[in-house]
Structure formats: structure tokens, C-alpha cells
Amino acid sequence: MRELIEFFRPHLLPLLYALVIVAVLPLIAGYVVLVERKVMADMQARLGPMRVGPHGLLQPIADAVKLLLKEDIIPENADVWIFWLAPLLSVTAGMLALSALPFGPAFQIADLNIGLLFIVGISSMGIFGIVLGGWASNSHYSLLGALRSSAQLVSYETAAGMALVSALLLAGTLSMATIVRVQEHKGVWFVFVAPIAFFTYLVASIAETNRAPFDLPEAESELVAGYMTEYSGFRWALYFLAEYTNMIVVGSIATVMFLGGWLRPFPNVHALDFFDYVPAVLMLAVAGYCLWRAPKQPVTVQKLFLVAVAGLCALVAAILAAPLFGVPYLSKAALHGGFWFLLKVFLYIYVFMWLRFTFPRYRFDQLMRLGWHFLIPVSIVNVMGIGVALVLHRQFGWAKWLAFLVTTVGTLAVAGYLAATDERHETAMVGGDA
Amino acid sequence: MLDKVVFYFFAGLAVLSAILVVTRRNVVHSAIFLITALLATAGIFLQLHAEFLFAVQIILYVGGIMVLFIFVIMLVNLDVALHQVQFNRQTLLALLLTLALAAQLGLGLRLGRSVMFAPARPGPLEPNTELVGRTLFQNYMLPFEIASILLLVAMIGAVVMAKKKV
Amino acid sequence: MIPTSHYLFLSLALFTIGVIGVLTRRNVIIILMSIELILNAVNINLIAFSRMFGSVDGQIFALFVITDAAAEAAVGLGIIIAFFRNRETVLADEMDILKW
Amino acid sequence: MHSVYFLDHIWLIPLFPLAGAALMLLIGRRLPNNAVSTICVGSVFVSFVFALGAVVQLFGLPAEQRVVERILFEWVPAGPMHTSAGQLVSFVADWGFLLDPLSSVMVLVVTGVGFLIHFYSIGYMGHEGGYYRFFGYMNLFMFSMLTLVLANNMLLMFVGWEGVGLCSYLLIGFYFLRKSAADAGKKAFLVNRIGDAGFMLGIFLTVGTLGTIKFTEFGPALAAGHFAVGAPVLVAIGLLLFVGATGKSAQIPLYVWLPDAMEGPTPVSALIHAATMVTAGVYMVTRHNAIYQMAPFALEVVAVIGALTAIFAATMGLLQNDIKRVLAYSTISQLGYMFLACGVGAYVAGIFHLMTHAFFKALLFLGSGSVIHALSGEQDMRKMGALWGKIPATAKTFVIGAVAIAGIPPLAGFFSKDEILGKAFEHSPLLWIIGFVTAGMTAFYMFRLVNMTFFGNSRVPHDVEHHIQESPKTMTVPLMVLAVLSVIGGWIGWPAALGGSNRFERFLEPVISRPMAEHAEAAATHASAMEYLLMLASIAIALAGIWLARLLYLQRAELPGKIAASWPRLYKLVYNKYYVDQIYDAMFVNRAKDLGTTLGAFDTNVIDGLGVDGAGWLTRFTSRLSIWWDTWIVDGSVNLAARMVWIVSFPVRMVQTGLVSSYALLIVIGLLIFLGYYLHPLRELRTLFH
């Protein structure tokens, strides 16, 4: 018994973190959905969900309950156990990917020394969930959606991988935490060094998460809901969860690789230390807003609820502020790191939403052509460019900014050329099959 | 202790799913079991502290090749294939011969015990990825390039063959 | 510690299964998969030995093997698609054009 | 020493028409009519100018060296050869031109009259289709004729000879859509072939005999050959050449094509079938006078044929109603006159008559053409009459022509014809009588024609009547010029008897060789009194003919019918031209057709039937054999070998299934064997022990 505990001791903290993530993730996902609906409503000049809870704050929970209570339908002569397996695969892949991500200097399940490779590999396994699900449900819509998504993912994984490789070149390590530390040490986020790589990864990640404008696998207008046409209830919820998990994963990856992970802006500039107050102030502001809105609520319950929310925010603010006043046992780095990290991830996801509500959907051949004719070449050229820049910097002693400026401009020129030729190709290809 | 558990678990998983791969009637099931087999192999790699190979195994095999396989399976998906005979005429003979082969190989392993039973000693293979990288790009530069050319050729060949009008 | 021979027996088992698959199945796709199994067995061998000799070369060769596997899968699947487009079948014993 | 530019460039004379012809026949279709006429008539005029210049310069030379020979290049080079007489000569045929008094006369006539007729054609052919084609052929003809005339050897002359034959064929068949025209063309061509064959044989024989074909070398060659007068080979040559002459100049028996040749346009009849081409025969005979002088018998034949043709054609001309046919027959008989002259050795007279005849006969043809033009294509004299007032210019010139041909002094015809008759009388009175009668007939039918056409009461149908009008200037001007020529044309040969000095004869002297000059001299001396008599006689008979024609066709128009009725047979005979055409058809044409059918039958039955089909059958038979051989022996052996291989390869084939799986199985077996060898327990023990 004792040696068993001894055996497990080093693994206790990771297990805790894992439990936290598994517990909190669905909640976060649900609220991301709520946020998305609100943003959509805002962009479409309406209110969005308002009924359940003040400003629909309880909507996600209601949805979750509804989904859990729904009847679980398995279509006739579907391949039962694959049908059952597929959603699990998706979710598992997403969550496994989370396991190697550093949400803060301390908050990380396992800092693998091949962390990035691990994450990429695992998230690439998420495809199987989609494909098998689409195939198993024995419906043409689903199968088409599955085929589309697999083709799409395979195509865009290359571009994303290349983008990440260019960041890797800068970092010189695969371990996520170390990558962040490298950025801290170098005092610059890689997005500023390799903007093209960041852009490439942004586009590719949107495509990988099957979100608009690349949401062909689940294009309502073409195939009812793509690979999850036949799914309903809990399994469907799993797919949904998987999708949002993936969004969080890619957001986190982007954050770690390009946006300096848990670092606050300009971590090394002590002149800007007042940034440390931002988290607390922000939470206080939220609390204040809730208090201000509270009297306007129609029902007393909602008034009370809003007040409670305000209190919660105030509590968080206090916790965030505590380290600044030297309260023991609360490390500033950990708390603020988590805050900044989540902030960046949510900003990234916000960009997703923004694009989703802004752009129309691609045609499939356009999608493929964008992937193969533009993104992949550009990303490859970009990798070469960054390599060249590093050589110029290290071997020939150019100034860093000069080297990267030169290569970036060169890559941009290539990209422009590619875009132009692709335009011509496009006009030539009109009507041709993709 | 944990080592042994991991190894035997993954080994059993690998063998089991391998058997299922060759015996399933439905191609998709075979593919899934192949995936599990590959993942098990990956686990064994990890257990051998070959993290880089583990990652590569997952990314390339599971994330790349198997996706290709499933893609193709769905392209050539034939319901009739499910109702056809799955094993060809030479099955029995093949079984016997292969088992004989296995027996011979096993015999070879037994005879080689003097060498073979040496325990895998924890080699100085850390950090794995850097080591692989250096060896690959210093000692094995030429084979690496050749391999890349092979990939290029394979890609072109696949494209040409998959074209509608050859 | 696990003796290397266990890895070797494992890979032997996988290899045998793969060979059986190649020899007995009619479906070309499954034959290809069995080939992948065989390659995996090889990889296990390589890595086990690299572990045993404490040299990383085995892993390098495993890398090359995987590369090979990728190439072979691409070409083989391309062939399968082309063949299926012409013959509406994926059964190995209907591909007897080798004997004209 | 005055310049000899034109003499040096005589070769240019035929060249201008050739250029014109080439232009017409290549690009003429695209040219406007006036351009066509400018080019063609211009080219002829230029060559006329050159010819005139050349002749004038020739006159400039002293009499004995008035033989100008210009050789362009060596045309048919041939090595040395033996003549039949045995001496070695080097035969060569140049592309060379010869200008001596004889050819200068001819060249002037050809170019001059030719130019006038071209000019006339502008008006006459004005609104015909194929204008450029017509002028192209005309120019081509001019070229050929000039080549013929200027040739310095027989071969080149033959080239021109054939050329004019071709052009005459083309131009007779100018309206080739009209079957009669096409047939006439063919007839002319075929009949000419006979004559040409004779001519060619003559050339060959000449080459074989004399070893040369250059006219200038005939005299020396003959002298060198020591030929006796009347040597049979020379007679043969003369006769053969004369056959050619009869063909080209429409003498008995080959005259039949000329009347039909009237199907062609009138200018063609005038130029080719009156003025120039048909006289080529006469020119040719004169050209070869050296040979003829050595062959008296040939000369006799020439004279007799000429005389017979003359009277024969004249009788046929008496009763013709087609205006052009009358002229055609008169042409034939006039040619007969010329041959008569040549035959009696009076070449000069022949050429003289040739020239004058060219003038007035061209005039007459053009006049008749103008009449036909005025009557919008009517050629039958019975539908004419009383045109004197309506087309005065044509009528007057025509009458002048008629008087000239009738032989009334002092017009051209009188002198030439009278000289011929005089020479004929010296030779033999019989020939003279024939010629004398012919002269009367000539006068008669010419004035019959004149009366029926221009005088008496009009028989013109009314629809034609009221748009009769005089032809345009382009047609009347040549008429007037020719009229003037046919008035004064004869004066250059004013006979010595009338106090003239026969300049023409002396001009031609150097060309004519006279072995029998002596008695000709004698004749010239003794016969002056006789000459006056003959002149008076011929004038008298001409007047008689004119009177008779006037009597019969103006005053008492019913008489001809009566006469015809009184001798119906004779009338029919003559009216149908003695059935000569029918006889020829019966004798030659149909026989030729029969021969053709026989040959055709031979082809179908023997050649095709036996030869071709037989060969085919034989081939099929042999091929059957070889097929059998191939199938049973060759293929059989191959199949045998294949079958043997098949049998032998049976066990191997068991392995070669073509299935991937089985191949893989084989691999496994191989692996088994190898491992079985390497892992043999005993080996292992051995390794264990040391």
C-alpha cells in the first residue's frame, strides 16, 4: 500500500491537473459557445440568448442538460460499435492534446521533450473520429462530409506543420514550456519574428478545426450537417465538445508558439510593470459591470445571480491581486500566467468567430487549391526563409532584425507571385473539376 | 515493474489487433485494428525511450498513412466485397508454410540466445530527438537525401496513377 | 529490464501475422495493411537493437523504413485506385494480367 | 558603212509576239480588253517595224551579200555522220534566223498584213468572249509564222510549221462550244498531220542525203554530192516535201480542211487561211528550189497538182452560197496558181502572186467579215444584196479587191497572175489553158459574189435589215489600207514587156538557183510579142467572166436556176463539191474507224482477255499454292514448335499463376529453404563446440 503511494507520488499533481481539465473543459466549451452566439448576435445587431439566466448566462448549462436527456438514436444498419467509438476518439484526441500544453509556468500535466510533436500527432488522430463517424453512420451526407474533412485535414496539416516548424527553428526545442521560456529569454514573441508563419498557421488551424469559411465537412447548405448528420444527443454533444476542444488546442498551440504563452506583454520591460495590475483591474471591472446591470434584471433571482457573479469576479480579482501584495503561497507567475494564457487563447478564438461571421464559405476545389497551391508552398518557402535568416544572423553576423526583414520580404514576394499565378489558374479552371 | 506492465500490455495489444487486422471481414475494421496495432507499436517505442520515433510513428503512420488508407477504402467502398470469400485458395498451405517459417525463425532466436538474451541496457540515448537529428543530418546525410528523392518519386507516381486520364 | 529477445519474439509474431495476411487475404487493401504490419515488426527489431547497443542508428533506419512505408502506401493506393477505376474490383486473385 | 542594228536583231522579230502570247495566255484573263489589244497589236506592230528596218538595211547591202544569218545558239548538236552518198559531214541544227530577199518579202507580208488584221480584230472581236484568248492565239501564230519564215534550217522551219498548225487548230476551234467548229478544227489538224508526216520524212531524207539541213548549204552540198539531175533520191525528197506543202497549203488531195476552216472567226480566216499560213507551202517549195531544180519530175508533179487544184477549186467555188466558202475555194485555186508557178520554175512569179494574193485576199476576207458583221452574223449570200449604199466603205474596198483578184490591170492581181500564165505558157500550153480558164472562172465567181452581195435587190430579212450599219473605224481603216496595197502592190513587179524593169525578180535573183536558166533567158528574149497576146487574152477572159456574172446575177436572175435545171446531174455534182468529203469519209475516215474498232476488239479480247486476265488467273493460282504452303508447312511448323513448347512448359506454368499471392508464397518457400540450410541443427552444434 505504502509503496503504491510512493509509486504514484510523482504523478499526483499531473492527475489533479488532468481532472481539473476534464472537469472544466466542457464548461469552458459551453461558455465559448455562448460567447460565440453572443458575438454573432452582436455582429448581426440582435441580442442572442437572453432568456436563461441574466443575459442568457445559464444557456450552456440548459443546452447540456437538454443534450444529455435527449434520446440516443443509432441509425439502422449503421456499424454500431464504430458509431459508438468515433465521437470518443475525437474527444480523446482533443483532450490528450491538451495534456502537453502549458497553461502556466506551473500548470502543465506533462512537459514532454517532444511536446509539440506529441500534440500534433495526437490532434491529427482527431481525424479518425470524424471519418469513422461519417462512415459508420452509413449515410451519404455523412460519408461525403467525412471524406471532405479527411482530405481537408490532410491537406492543411502540412501547412500548419510547416508553420510550426518555422517557429521551432527559432525556439530550437520541442518542449512547449521551453519554447515559451525561449521567447521570454529572447524578449520577443515569435509572431513578430515570423509573421508569415503565424498567418499561415492561423488559416491552417481554421481549416483544421472545420470552421467557417472552411466548414465544408459540415456545410448545412450542402450536406445537412456533414459527418454528424446522423448523430444526436450525447454523441453529438461529444462531437461538439471535440470541435471546441480542438479550437482551444489550436489556440493554445498558437499562443505557445507565437504569442509567448503565459507571458504578459513585454515581460522584460520593467518600465511596463504596471501591466501586472491589468488582470485584477479587468476582473474588478467585470464585477462592477455586473453590479451595475444587476438592478435592471426583471426577476429577483436574476438580480441575486448577477450579484453572485460579481462577487465571484471580485474574488478572482482579489486572488490575482494578492501576489502583488506579497501574500504567501500564491505565486504571481502561476496565477497571472494562467490569466494571460487564457486571455490570448480566447482572443485567438474570437478571431475565429470574427472570421466565421465575416467570410462566405469556400467551394471545395477553391479550398484545395488554396491549400496546395498557396499555403503549402508559402509555408515551405517561409521555413527556408527563416533558416536563411538564422544563417545570416549567426554565420554572417547580420543584425537580427535586418536578416528577418529581408527574408520576410522575400517570402512575401513569393507569396504575391503565387497568389497572382493562382488567380490566373483560378480563372482558367472555372468549370473544370477540382 | 511499470516498464514490464507497459511492455506486455502494448505487446499483447499489438499482437491481438494484428491478428484482428488479418482476420476481419470488414476492411474498415481491419484499418481500425491496424491503427491500434500501430499505436501499440508506438507505445513500445515510447517504452524503449525512442520518443522521436514514437511521435513520428503517430504523426506519419497514424495521422498520415492510415488516413490515406481509410480515404481509399471509402473511395473503393464495395458492399459486395463484404459478401465475398475473404481468403484465397492457398490459405491452408500458406498458413502451414508461414507457421513453419515462424518456427524456423523462433529456432534461430533460441539458438542465438547467447547474444539475444542480453538485457536492453539503458543507453546514453538522451536527449533522443537531438541525437537522432544530429546522426541523421551528419552520418546519414546521403541516405536522407535519397529517401527524400524516393518520397518525391512516390508522390509523382501516385499523382500520375490517380489521375483521371493517364 | 526486458530482454531484447522479447521484442524480437514480438516482432516475429507481428511479422508472421503480416505474412499470413499477405499470403491469404484476397483484398488488396488488407494485403497492403499486412505489409505495414511487417514493416512495423522490422521497426520494433531495429529500435530494440538500437536500444540494446546503445546506438541511435537503428532508429535512423526505422525512420527510413517509415519513409519507405509512406512511399509504398502512396504508390500502392494510387495503383489500387487506378485499378479499381478500370476493373471495379480490389481482389488480388482477379489481378492476373501478369500472366497474359 | 551604215548601221546593221536591225539585221543583228532579227531574232527579236518573232520574240515580241511570243512575249505578247505568253502574257495573254498566262495573265490575260485578268487584263481589261483595251490593255489586251494594246499589248498584242502593239507587239505585232513593233515586230513589223523591226522587220521593215531589217529589210531596209538588207537593201542597203550590195546584192551578192544580201544573205544575213544570225545564229542564236546551237540547238541540236550532233556528231559527225555519213551521208548516204558516203562523205563525212558534221550535222548540226542551230536556232538561227536567216534573212534574205525571199524571207524578207515573206516577213514583210506576214508582219504587215498580220498587223492590219490584228488591228481589224480589235473591232471585229470587240464583243466576243475569250478576247484575250483570241489575241493570245493570234500572237502565238505570229510567232510561229515568223519562226517558220525566218528559219535558217528545215528543222526550225518545221517547228514554225507545227506551231502555225497548232494555232490554226486552236483558232478554227475558237468557238469550241459549236460542234461544227470543233470538228473543223480536228479535221484541219488531222489532215495537216498527213502533210507534216511527209515533210518530216523529207527532212530525214534530206539529212541522210545531203548531211545538212541549212538552206544556205543546199547548193554546195548538192554540188559536192555529184547528184545527177533527176536523181531518184532528190525526186523523192521533192515529192515528200510537196506532200507537206499540199497539206499546209490545201492542195489536192489534202485541200478538204480549208473550206471547213471557215468556221473560225473571219480575221482568222483572213490571216491564217488566206494571207499567211496556207502560203507556207509555196514558201517552203520556193525555199527548196535548189533541190527541186535537180528533180524535174517533182516539179512536174507540183505544176500539174497546182493546175488541177486551181481549176478544180474554181469550179467548186462557182456555186457556193456561203460568202466565206466562196473565198475559201478561191483561196485554194489561187494557191494552185502559185504552185503552178513554182512547178514551172517561176518561183519569183509564185512569190509575187503570193504577196499580191495576200493583199487582196486578206482584203476580201476582211470585207466579207465586215459584211457579216453588218448583217449580224449572216453568211448566206442568198440573204444579202443591195448593200452598196448601206456599207459604202466596205463595199468600195471589197469591189477593189474583187477587181484585183479578177486580174484587171493595173491592179495587183493582173501582174502576178499574168506573169504566172506567161511562164506556164512557156512551159506547156496545156497548163496555160487550165490557168486561163481558171482565171475566167475566178472573175466570174468573184463578181457573182459581189453582185449577190452588194447589188441587185435586197433579200435581207427585215429584222436584220434595219440595223445594218457600217463597221467601226478599226475595221474600215485596215480595209482601206489593204485596198491601196492591192492597187499598187503589183507595181513593183511591173513586167519588162510593158517597159517596166522587173525589180521584184531581180531582187529575188540571188535566192533562186537556175540550172535551166539558159532557155528561160531565151524565152525572155523571144516572147515579147507573145506576151502582149497573152495579157490581152487574160484581160479579155476576166472581163468576160465579169460580164457573165453581171448577166446571170443582175440582169436575168432567173437564168442560173434554168441552167441548173438543164444539167441537174452536173449541178448537183458541183454543188456538192464532187462528193469529195463523202469519198474521203468512205475511203479513209471510216476505214480508220474500222481499224480502230478492230484494234479495240483485239485489245479487249486478246490483250485484256488473254494477257491481263490470264496473268491474273495465273497469279491467283500460284498464290493459292503459296497460301497452302504457308498455312500447312510454314505456319504448321511454327505451331508445332509452339505446341511443343507449350507441352514442355506445363510444369513451369503451374508455378506461373500471375497472382501476387502465389508469388509471395513462393518467396516464403524460398525463405524457408534458405533458413533451413543456415539453421541446420548440426551447423549450430558445430558452432557451439568451437
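Letters A, B, C and D name the chains as they come in the text, with residue numbers starting at 1 for each one.
Simple rule for what comes next: a residue touches a chain if its C-beta (ideal position, glycine included) is under 8 Å from a C-beta of that chain, and two chains touch if they have at least 3 such contacts.
Please read all numbers here as calculations on a predicted model, not as lab measurements.
*Asks:* Moving step by step between touching chains, how few steps can get you from subunit A to subunit D?
*Replies:* The fewest steps needed to get from subunit A to subunit D is 2.
*Asks:* Counting C-beta pairs in contact, which chain pair has more, A-B or B-D?
*Replies:* A-B
*Asks:* If you average the Cα atoms of each chain, whose average lands nearest the overall Cα average?
*Replies:* Chain nearest the centroid of all protein C-alpha atoms: C.
*Asks:* So, what's the distance in Å between the C-alpha centres of subunit C and subunit A?
*Replies:* Computed from C-alpha means, the inter-chain centre distance equals 36 Å.
*Asks:* Which whole number of Å gives the spacing of the CA centres of subunit A and subunit B?
*Replies:* Roughly 31 Å separates the two chain centres.
*Asks:* Report the inter-centroid distance (CA atoms only) between subunit B and subunit D in whole Å.
*Replies:* The answer is 104 Å.
*Asks:* Subunit B to subunit C: how many Å between their CA centres?
*Replies:* Whole-Å distance between the two chain centres: 6.
*Asks:* Do you know which subunit B residues sit against two or more other chains?
*Replies:* Only 52, 56, 64, 68, 75, 88, 90, 94, 97-98, 101, 105, 128 qualify.
*Asks:* Please output the residue numbers of subunit C that touch at least 2 other chains, ranges allowed.
*Replies:* 19, 23-24, 26, 92-93
*Asks:* Give every touching pair of chains, nothing left out.
*Replies:* A-B, B-C, B-D, C-D
*Asks:* Residue numbers of subunit B touching subunit C in their complex, please.
*Replies:* 3-4, 7, 11, 14-15, 18-19, 21-22, 27, 30-31, 34, 37-38, 41, 44-45, 48-50, 52-53, 56-57, 60-61, 64-65, 68-69, 72-73, 75-76, 78, 81, 84-91, 94-95, 97-99, 101-102, 105-106, 109, 113, 116-121, 123-125, 128, 131-132, 135-136, 139-140, 143, 147, 150-151, 153-155, 157-162, 166
*Asks:* Applying the document's contact rule, which stretches of subunit B touch subunit D when the two form their complex?
*Replies:* Subunit B reaches subunit D through residues 88, 90, 93-94, 97-98, 100-101, 104-105, 107-108, 111.
*Asks:* Once bound in the complex, which stretches of subunit D touch subunit C?
*Replies:* Residues of subunit D touching subunit C: 656-661, 664-665, 668.
*Asks:* Using the touch rule from the top, collect the residues of subunit D that touch subunit B in their complex.
*Replies:* Those residues of subunit D that touch subunit B are 659, 661-662, 665, 668-669, 671-672, 675-676, 679, 684.
*Asks:* Contact residues on subunit A for subunit B in the complex?
*Replies:* Contact set of subunit A toward subunit B: 7, 79, 82, 85, 112-114, 117-118, 120-122, 124-125, 127-128, 131-132, 135, 143, 146-147, 150-151, 153-154, 157, 174.
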